[in-house]
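Input: structures, listed below.
Consider the two complexes below, in which chain A is the common component and chain B and chain C are the respective partners.
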Partner chain A sequence: MRAAARGARGLASAAQTAAKKTQQKQSIDDFPLIYPDFLPSPVWNRRSALFERLQRADMLERRMHIDIPEFYVGSIVAVTTSEPNLATRQNRFVGICIRRERPGLLHQFTLRNVVDGLGVEVMYELYNPTILKIETLKLEKRLDTDLSYLIDALPEYSTFDFNLEPIAHPVGTPVPINDTQVKLRQPPWTQRWELYDFKGIDKAWLQATPYYKRKLRITKVEDYMKYDLIRAYRDDCQEAEHEKNTQKEMLEFERARHESGATKRRILKSAADGI
Partner chain B sequence: MQLRFRRRSNDTSLTGRVYELVKSGAIDAATLQRMSAAVHRKTPIKSVEPIPPPEAGEFGENSRRVGLVGIKLGMMPQWEAKTGKRVLCTLIHVPDNQIVQVLDPETWYRDSIVGKRKAYGRYGPHHRVTVGAQNIDPVFLDPKWQVYFKKHGVPAKEHIGSFLVSSDAVLPEGFRLDARHFNVGQFVNVSGRTIDWGFQGGMHRWGMRGLPDRRTTKAHRRIGSIGSCGDARVWPGKRMPGHMGYEWRQVSGLEVVRINPLESVIYVKGSVPGDAQEKLLINDCLHEDKRVKNPPFPTYLETIPEEDEEAESKQVVNAANLTSADIYHEKIFRFDSPSIVFTAADEKQSAARDKMRAKIAKVKK
Partner chain C sequence: MAHRIVPSLPRIKVPIGHIPQRLKARPFEAPQGRLEVLRQFVTRLVREERIEMKANRAEETRPYIERLIQLGVFRGMNDDYTQEMMQWWLLEKDLVDKMEHVIVPRFQEAPINEPYTNLFNLPFTRYENRVRGKRIHYNARPLAVIEIKGNPYPEIGA
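Right after this comes the complex of A and B.
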């Protein structure tokens, strides 16, 4: 029994040190992927230090009042918004996140679902004050960062149960990548999916009609763009120093709010890193 | 995709050749320091006696207050607190605004062609008050501008702009203006140079329709005919391709929805002319229905006394308290309040809805 008690104490202390270590870790490696709204604008002229500071102040203040969970393109998210004309004054929509766009307070994400056989895409502004709750029902990634092609895929790939129970993600484990390859409907499609390099589409080129394959030679295909490093630097907006400073600012903001006693909510979180 | 041509950089500021050379790297840091020291020896910044604050006055019918010189930062959304409707706002930074020069109507009329038009008008004589914004090291200015700022005893500014001001609203030279010069909820005119589009063709510059896609030889975006045979000439002012944009324009009647006094930033509802980092002039809108009522006259005078000013400068402004002193319009949602929740009172009231409700109730019975 004594050995068992000692064993239990040892386990408890190991867990404590692990928790302390994760708490001490002050920065997240995947910060631009978890917080794409904190990236600076891709338009070079709009990158002003004062403008970005003012915007971040508003964003952090909002994050202190509503829990904005971590989610990626491919995660299943439920959003509850205030609606003035409904009896319950609330509307809940569940769907798969197909895209996340725009920097700062303008950041928006689109959820897709099939409701009564009709595909529905709803775009939400992340910082809109009518949003009451955002829940990540299933935290996962896909092979692409833009799932717009689901509009031309078979409906089963976009259908999700509105009453889906949240699937807890074990903290500290990496975010799983769902490597399904969707089957598209018969062409013609809304966009020329066969031309893009989407890893999540199953045999798009083989399904494309001979007409479009013949027209390929006059189509503007810009494969060489991926080799433009300056363009990638400018458009991806991922600068290590900027990320470090932003994370420091977030932690300082958190600390100031915790000290004033206003709230105990934490903003800087990462499911994969366990903080 | 239209390429946007780069205009001559920083054309709206008073910076001269030295600024270009430093940016290009032709002048290194050590040389710049020597040049700066030489300029400061020539134009020493003397300690100026504190300017006695002007007395508060009455904003009368023919009063015209001074304006502010600002820099366009960019656009940001805000939301209405009651409806949740999005309001796109332009952020205008008004740093270190200070009165640089005051010209009385008589001198202005005598010495300037513009003065001969503007000094004496329908609403009475007006002073020309020049306001400067954004302190800058005078080494970056042309010697003529260095002498100008020294003459008026004001630190060198990067941007200046002049305003028509009535006699009762004139302020002394060197007086510092605050972002709270405007009231939240009032309407302002914002003027600035529009976006520089460079050399553009007739379709984009003048909205011409071009020529048909089919049955046309190599002339789909050309201007086509430029005159008739009878005139045997081209009319002066004929719309043709040429330089487009970078012209001074004013947008009037924009609402001020929020002011950040710590960083001197004004949030204005709507869009203003020009690109980010460009100079803007902001003044009161005097249209009948948008005219400001009870503005701080002649300007915001509740300045912090010297001891408190020192204490405030010691306080670090970080993200947590950057917007703590903001003045909001009552209709704008503050991010430190909880999410918007609607009640039955917010529901859209209409006769058709009531009728439908009654019908459903009847069917249920």
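Right after this comes the complex of A and C.
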């Protein structure tokens, strides 16, 4: 009798917490930063609503089968892929995410690490079915959204322990920005880092040799590009209406799956917002 | 390199070309010449609210002025990014005040699916381009009128 009453009360409180959880914030402001794969193509002529809708269906399906965590360029990520030729049929690689490219199902991210003194960069496609697990060991951002310059930086900036324990990010707090300024090796470099406006490089312009600075007028004075509003509109692929609809679609997909009882996994998450 | 600005602004409701047009003007050198030319047009448009120019340039200017108004309406004039853009795009600084007190409040309650500007195409016109002493150079182009909606002039096409 008493056990039954206790059981009933337990069920009631569980239902209450579930009801509270469903009254979540229905839209995230940082959606284009957390889910850059759901944005339309940066190439204007390749944007097709039907193509995007079909891709989105496949992307949401995949996200229901594997947990794709939130990570940014500058976060330390561990990826476990399935390898048919290894004794343990798995291979795990840990590295810092240096870039995230391509829209939709093609979305790729590159991890960099220094293994036995040799710099290694591995590119993974986010929706590759042979990926077994993606874990964010350390969630943080950097001063740039493209860390390709680490290839010319001193090795200590790209070395990360393969056995790094995951550092939990307190949910609800903003994602920390790591403002390290990286020291580059002696020039010449693989790319002209001194010409770009990378905030995360320490004194690139001062290190570059005079030969590379000879056409300063044409090459260096590029500050006007940040004022080009329509170039930014085309390249950043952000449209408030599109993002709102995509988020609604995600929540609807989640709801349908949860109701059918197949899984309780959630797709629309934000570490900073706590949902 | 370039960080995305969040929260995102709505879609720009006017047609935008898939590649930017090359705009030439004598005192400005490429490639930043294009933006300098557009800056002049945007400043003139905010000052006079209805201007006439070559049709291809009017089409190029239209999305820029739309975006500038959207920045004011959706991000607010007190935002750092909005202020930076306004200060750069509007060469005459009293126009920043005009944007804040006249133009942005005009579109605060506007329906979200309509553009803030109108573009009317005029016929092919032959006009005086440059006068050098006794020599007058003519040019023949299709022109267009671009105007910010809600301006005090009588309506076109009425």
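Rule of thumb we're sticking to: the second predicted complex is superposed on the first by the 243 of 275 C-alpha atoms of A that agree within 3 Å, B and C clash if a C-alpha of one lies under 4 Å from a C-alpha of the other, contacts with A are read in each partner's own complex, and residues count from 1 in each chain.
Going forward, a contact is a pair of C-beta atoms (placed from the backbone, for glycine too) under 8 Å apart; a residue touches a chain by one contact, two chains touch by 3 or more.
All figures in this text were calculated on a predicted structure; none of them were measured in a lab.
After superposition on chain A, the partners chain B and chain C are seen to fit next to each other with no clash.
In the superposition on chain A, contact is made by A:N45 with both chain B and chain C. In the superposed model, A:E83 lies in contact with chain B only, and not with chain C. Judged by the touch definition given at the top, the superposed model places A:A57 against chain B, while chain C stays out of reach. In the superposed model, A:N128 makes contact with chain B only, not with chain C. Using the contact criterion defined above for the overlaid structures, shared-chain residue A:Y211 touches neither chain B nor chain C, since it reaches no partner. Looking at the shared chain after the overlay, A:R234 reaches chain C, while chain B stays out of its contact range.
Nearest C-alpha atoms belonging to chain B and chain C sit 8 Å apart in the superposition, given in whole angstrom.
Residues 45 of chain A lie in contact with chain B in one complex and with chain C in the other. Per the touch definition, chain B reaches chain A in the complex via residues 73-74, 76-77, 79, 81, 83-84, 86, 91, 93, 260, 263, 265, 275-277, 318-323, 333, 335-343, 346-348.
Interface residues of chain C, counted against chain A in their complex, comprise 1-12, 16, 18-20, 32, 35, 63-64, 67-68, 74, 85, 88-89.
Chain A makes touch with chain C in their complex at residues 29-33, 44-45, 144-146, 196-198, 221, 224, 226-236, 238-243. Looking at the complex, you find that chain A touches chain B at residues 41, 45-46, 48, 50-51, 53-58, 60-62, 64-66, 82-85, 89, 104-106, 125, 127-132, 249-250, 252-253, 256-257.
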